[in-house]
Amino acid sequence: MNVTRRRFLGFAAGTVAGTAAGVPASWTLSDWMAAIDPGVRPPTGPEDAVLSVCKLCPGGCGLRVRRIGGRPVKVDGNLLHPVSGGRLCPKGQAALQSLFHPDRLSSPLRRVGPVGSLDSFEPRPWEEALAEISERLRLLHQVGRPESLAILRGNQRGVADRVARRFLDAFGSPTDVVVDRGEQAATLALYLTQGVRAAPAYDVRSTDYVLSFGSSLLEAWSSPVHMMRAYGEFRQGRPGRRGKLVQIEPRLSVTGSSADEWIDVRPGSEGILALGIANVLVSEGLYDRDFVSERCVGFLEPLAGSGGRLSLAELLSRRYGLEEVADRTGVSNNVILRIAREFATARSRLAVGPRKGPLLPGSLFDHLAVQTLNALAGNPDRPGGVLVPEEAPLAGWPELPSDESAAAGRARPRLDSAEGGFELGLSDPERLAELVLRGGFYPIEVAFVMGADPVLTSMTPERFAQAIEKIPLVVSFATVPTDTALYGDWILPETHFLERWDLETGPPGVPFPLVSLSQPVWGKASPGTRSAPDVLIELAAEVGGSVASAFPWPDVPSMIRAEVAGLFAARRGALMGSEFDEAWVRMMEGAGWWAPGYRTAEELWSGMRESGGWWDPFYDHGDWRRVLLTDSGRFEFRTDLLQQLGDDRRPPYALAAAGSEGEPLGARPLLALVLFEPLPVAGGVGAELPFLQELLEPGLEESWSTWVEIHPETAARIGIRDHDRVRLTSDQGSIEAKARVTARIVEGAVAVPVGLGRKGGGRWASGCGANPLRLLVAARETVSGLPAPEATRVRVAVVGRDGHGEGRA
Amino acid sequence: MPRCAGAPIMPDERIEKGQAPTGPSTGEPAGVVASAAIGFLVFLLLTTGLLTVGSGGSSSRPVDQPVEFNHRLHVEDVGLECNECHEFAESESFSGLPTAETCAFCHEEAQGNSPEEAKLVALLSGGQPLEWGRLYRQPAHVYYAHSQHVSVAGLECERCHAGLAASSRPPRRVRKLTMDDCIDCHEDGDAESDCTTCHR
Amino acid sequence: MARWGMVIDLDRCTACQACVVACQVENNVPPTGADQAELGRSISWLRLAPHGEAEHGTRPQMHLMPVPCMHCDNPPCTKVCPVQATQIGEEGLVGQIYARCIGCRYCTTACPYTVREFNWKQPDFPEPMEQGLSPDVSIRPKGVVEKCTFCHHRLQVARDRAQLEDRPLAEGDYVPACVESCPAAAMTFGDLEDPNSEVSRLKQSQRAFQLLEELGTEPKVTYLSKGEWGGQV
Amino acid sequence: MARFELDLGEDERLLEPIAKTGRKFWILVAILLAIWLFGMVGYFTQLRKGLQVTGLNTPVYWGLYITNFVFFIGISHAGTLISAILRLSQAEWRRSITRAAEVITVLVLFFGVGCVLLDLGRPDRALNVLKHPNFSSPLLWDVTSITIYLICSTIYLYLPLIPDIAILRDRLGKRQRFYRALALGWTGSEKQQKLLNRAIGIMAILVIPVAVSVHTVVSWVFAMTVQPMWHSTIFGPYFVVGAIFSGIAAIIIAMAVIRKVYHLEDYLKIIHFNNLGILLLVMTLLWFYFTFAEFLTTYYGAEPSHMQVFLSKTEGEFAPYFWTMFVTCFVIPFAFLANHRTRGTVWGCVVASVSVQIGMWLERFLIVIPSLSAPRLPMEASTYRASWVEWSLLAGFVAMFILLYAVFTKLFPIVSIWEIHEGREHSVTEVTERVESYLPGVAESSHG
């Protein structure tokens, strides 16, 4: 008994001891498992909202930023804003990720090592940065070479742009380079046919049939949310009336996937098809006779004074007959006829030009062809047609102080448009880079880069990098280092757009004038950052003299107040408001009244803070004196240009025709390069945000890398399998990417997304994917001088097998 | 872990019952149980680290407050209502802890001669924010709205914060709320007890 | 008692994926990097599912449809959870109790829509990203399953607000983040029990269908297929 | 103190492994412990970093752990079920193999359960299964039936061990306390003997439905979902057959090793291998029948989502595994076992058994992974490749299993001494009587 009791006690003691040892051990273990509770506990607090404007693309969406305890936690569309209408695209939704990006800069960085790497930069105090830069500027100003200053900027139409422009004017430089070609081709086409300097606004909302010639209508459009809202209404917003979208393009895009029909054409032949359809309209008498006879010239006789020898009717019938167009585009006769008749007989129809994204504006030829088609359909300035936007009446800036040296500098030709080009003053960043490298009329000694990343987004990325390196002092503003910044000398940490005041005019593609107010949504702006306009004003003060006095305001908010006062003085429009308000204002203005809902500039200001801004929703259709500003006062069919451009065109569709023209497709054929911009990374912005990287291509479920789409037949010929790693080589360079074999791209071509392959951009963008712009040969379209990416051809070779398996990094 | 120890009991009992009383002592089956239990436990521990029961020990450390606030003095003697300092209790999900401005409303200058008040006045004059230590800790995955309980259900503050108004100094320990604290009341009060009513 | 449901009009949808990001931001979904994404570990409560890309040779058609949790009336996931960590509530929302989930991933395998996500790792919000996190939604730890909740935290708040103002919940008081963001207004949300609600009206459409309805899961997400030109809405 | 009097005679040698332990054993222990430690390193890595250290992903949420779980639970049918069936059918040749088989069951069950625990994202909350049980979840049925099975199997292993433990208590001279405690005062009295036999009999009957239920329920974990090629009515019997299949193969391997290491050729004779070989052959054919039935119905149904999985197995990315499985589960064992010349050898049976083990593991793998890799709504799934952590844990579990098995043979006789003894004393007469009772004419003549 004793023995057994002892044993029992022994066991009991053992258990207790085991437990005693086990419990602390388990705590240690659970600690070691590393904080199971993530330990993140967002604090709560009172909720409110602040209105601002998104600047992740030029779309200009009004934002409503929800805050809890003063911290922004969610970004949504501002319900009253006429562009976003309470909605937002994925980029806008991800705005907070860019605000709270872990790689935001917090101190000026000076390059001390070789270009191209963030490791070559050292943090320096703001004072040192400003001292060095202002010293250089003063010197330039003193020696009378103010034109040696250049500013490369994005196109956000906000304070930063106006201050930059003003700074250049006051300083005396003409070289204000907007690194945004998005609307250039469409603007040029509108200018050449209607004489108006604006990007056309397509009224998709009110039409029934949209023929989209390779446009990214439902992706990275000029103002994506505005267009997508219109598209929703076009499709299902009008009882009994459902719009049809036909997408014509060599690669089935996301827009194409939403379309009712995809018509696959050979790369670069969209414009030819547009003219082919125009020819059907003319030959079958389906065009708008009234509009053509009353408002157009050049239809039956050559346009006077243009040097064109053919009338439009002649040009179409001679050059764009059914058979020939079918042959050149790869679209069958039947389809061309059917589409043309559908288009012509729709109650309201619209052709949209091939603007593929902020970096890929399309060619002038294609846009002219589409403009021509639209005119034959009687679309200019008609509801459901092509509208002409109006500038916002923003004013309030005093006259520039007089300064002879500055005036002389301003009078010099812009470096980027010094050779040819139209008088529209369209920027040409690639030419700027070329002239910097070759040595133009005058050297560029100081360049500011703000809101733009040309080393990533220009059509000649490598030349641009060299040019940036060559300019003695390049100052970049950036929240997260851009590629361009890495080739410059100073990187100045910029405040995020959600952290600053701004007043911006309406985005392209929106027909009515509007002015949106951005307010800082975040009490504690990131430490060490300053906004670009603030820095420019500060530098102006340092330079002194007339440059300093060009900026009479103490800070940006008071500048904005002055501009709003100017807006008040325009005596038109209204505060942004509900749909009911909108209808009211329309009705009143249509009747010739002004019913703004504010009586003083002060009321306008506080109203704008609460509603998001000012706009004028009234659009007077058929105001021909405003929208037809050509010499003839009519819509001009530019057969001269169509003919010349058509003749000069050497697009690769000939090669794509499966060996029928050009060299036969061998085992390593030359393939057409089709570039596209996925909305999440369009314009070179977005790859720095992980949420957007996830979304690159939902159809193929591609994310976080660059891929190459290739047709199964073409792939089989070369021996490429799905998910292989391939190398694309052009005359200019080569990149590596993952091959995706899909019938979404036509034969004889490869499609590659633009927007990845960055050196900068922080942890998520840097080194992710490849930049296909590096493949582009330096070809340009004649007449327009626009870069012609479609002239590039590539060869594809497998460099690694099985993206799923061993080859996976 | 009773279920583990439970396993070997049955055979022991069965055989024991059928056994002559001259058999070994009653200690042995217990020993078997214990050894089996320990064996099982040790096994599980080694195999899976199952002993990592419960998430985190977070032994409640004493909470330090910037000022030893006297609730009784303010509520009973001065006659303040709870929501005069916890101003969001009726309208927001959180009740809100008084900010420096709230205190400064009365205590810009000392009202009495308590050393704690002196501390407060010093803090206020220094322009520092008051950073109160949290005493009630609601798990992060729980949605709880003071407004709902105070304004709609009409509960008294004492229902959950019992005795706080009568205390002369803040409790020193964090009170961790468990799901039972909520469910008991919800069932009594016939309130919703759908998971998604509170879990978020 | 309400029964919350969603209607997604594929005729309006442009596959822009605003809903996807709106959901991630609203619900404190942690960012992933390229390596984790490559391994199939990124979390997204709402994704765009491709369907209908034809085999090669024929003209491909590609359709993309947003797929959130269907909040099935007969959910396959709740039945298989061994610890009752996922349950269907009285108003038809299929909730996930992160604090109880043991991470066995039985529900994820049982869901025919593959809309349940597992936290393969501890969520990582590199400084200062946690500044932008919402207190309305808990941060899920590693090792638990999470899923679309129809933003039910918004319902919690909306219902409290309505009760505080002593009124019934009105249409539009409670709308998930995805629906709110949709640029083309392709998504509609509301009470399926209320015959006058927009969702009930749209559900009557001839174009209405449900995903994998043959499985008998009775999803509360209804799709409206693409319409035909020249006709009928 | 009472002693268990038994004349061991030549069976004395069955105690040898317990009495003497050589250096080789300790080397083996060291190696196996090292492998186990490697597995533990893997597990602690997983605890710390989460399941990201595995090859799992969305939508392949389950991988090696669940494969191993099903595999181990399958092997567990080696012992208890087979030994119970043999006991109930009074197959006399069972006597020397039941113990070896039953130990497999008990030990391997722990590892089966362990695999599920490995798979949990939150092992710290495993007890929620008891706190908040959801009885409609097949996983809970699993917990229940496996627990019952574990209890029954342990009892069923323990009961026939008692007399042998008493032998050790009385003869071994070491670990006295240990054996005394476990022997429960066994004296071999008639009353005890009778009780023990009745208890064993009851347990043998009880254990069969429990064992069948265990694997049925394991199959239901898959079959109760609506996923392609999981949602199948024959999954219950299919899994049970597969389990018995791999179980028998496991016994054959264990027997061969014991026979070789402890030189027990007299106890584990060729006839044992031959008999088990025949059983294995039957199961081979049954397995083929079920597999054929399962795939044929899927193929004829030709439901797209099912066909997607079907094709991924037969000609897609899983085809190499699938056809290896077919060869190792059917072609090789059939070839070796149908031929009496190879079946009648130890190596022949062992080759067939090892082949079956490989094949059955692949079968489990092919059930779990392909269905998850091809979700109904298309999704670009990254291929599942098990990580080193998952392999290390499989290796660790197998090593620990072997180690525990080896330790068991060092603590208890792996061949049941008293049952052999009993058989020798009673069986011959008993079997004669039994056989006579079947046959016409014999009974009268002998009684007459």
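In order of appearance the chains are A, B, C and D, and numbering begins at 1 in each one.
Here, contacts are C-beta pairs under 8 Å (C-beta built on N, C-alpha and C of every residue); 3 or more make two chains touch, one makes a residue touch a chain.
Just so it is clear, the structure is predicted and the values come from calculations on it, not from any experiment.
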| item | value |
| --- | --- |
| Furthest chain, CA centroid comparison against subunit A | D |
| Comparison of A-D and C-D (more C-beta pairs in contact) | C-D |
| Chain whose Cα mean lies nearest the overall Cα mean | C |
| Averaged-CA centre spacing for the pair subunit D and subunit C, given as whole angstrom | 44 |
| Distance between chain centroids, defined by C-alpha means - subunit B, subunit D (Å) | 47 |
| Centre-to-centre distance between subunit D and subunit A (centres being mean Cα positions), rounded to whole Å | 65 |
| Subunit A and subunit C: spacing of chain centres that average the CA atoms, whole Å | 30 |
| Sites on subunit D at which at least two other chains make contact | 44, 47, 49, 122-126, 181, 379, 382 |
| Two or more partner chains touched - positions in subunit C | 38, 42, 50, 122, 136, 139, 142-143 |
| Multi-partner residues of subunit A (each touching 2 or more other chains) | 7, 29-30, 33-37, 41, 44, 700-701 |
| Subunit B partner contacts - residues on subunit C that touch it in the complex | 87, 89-91, 93, 95, 97-99, 136-139, 149, 152-153, 155-157, 160, 163-164 |
| Contacting residues of subunit D [partner subunit C, same complex] | 49-52, 56-62, 116, 119-123, 125-126, 128-129, 131-134, 136-140, 143, 221, 224-227, 372, 375-379, 381-382 |
| Parts of subunit D lying in touch with subunit A, wherever the complex brings them together | 44, 47-49, 122, 124, 177, 181, 379-380, 382-383 |
| Touching residues on subunit A, where the partner in the complex is subunit B | 1, 3-5, 7-8, 11-12, 14-15, 18, 22-23, 25-27, 29-31, 33, 35-37, 41, 44-46 |
| Subunit C - residues contacting subunit A, complex | 9, 11-18, 20-22, 24-26, 28, 31-34, 37-38, 42, 44, 47-48, 50, 53-54, 56-64, 122-123, 125-136, 139-143, 177, 180-186, 224, 226-233 |
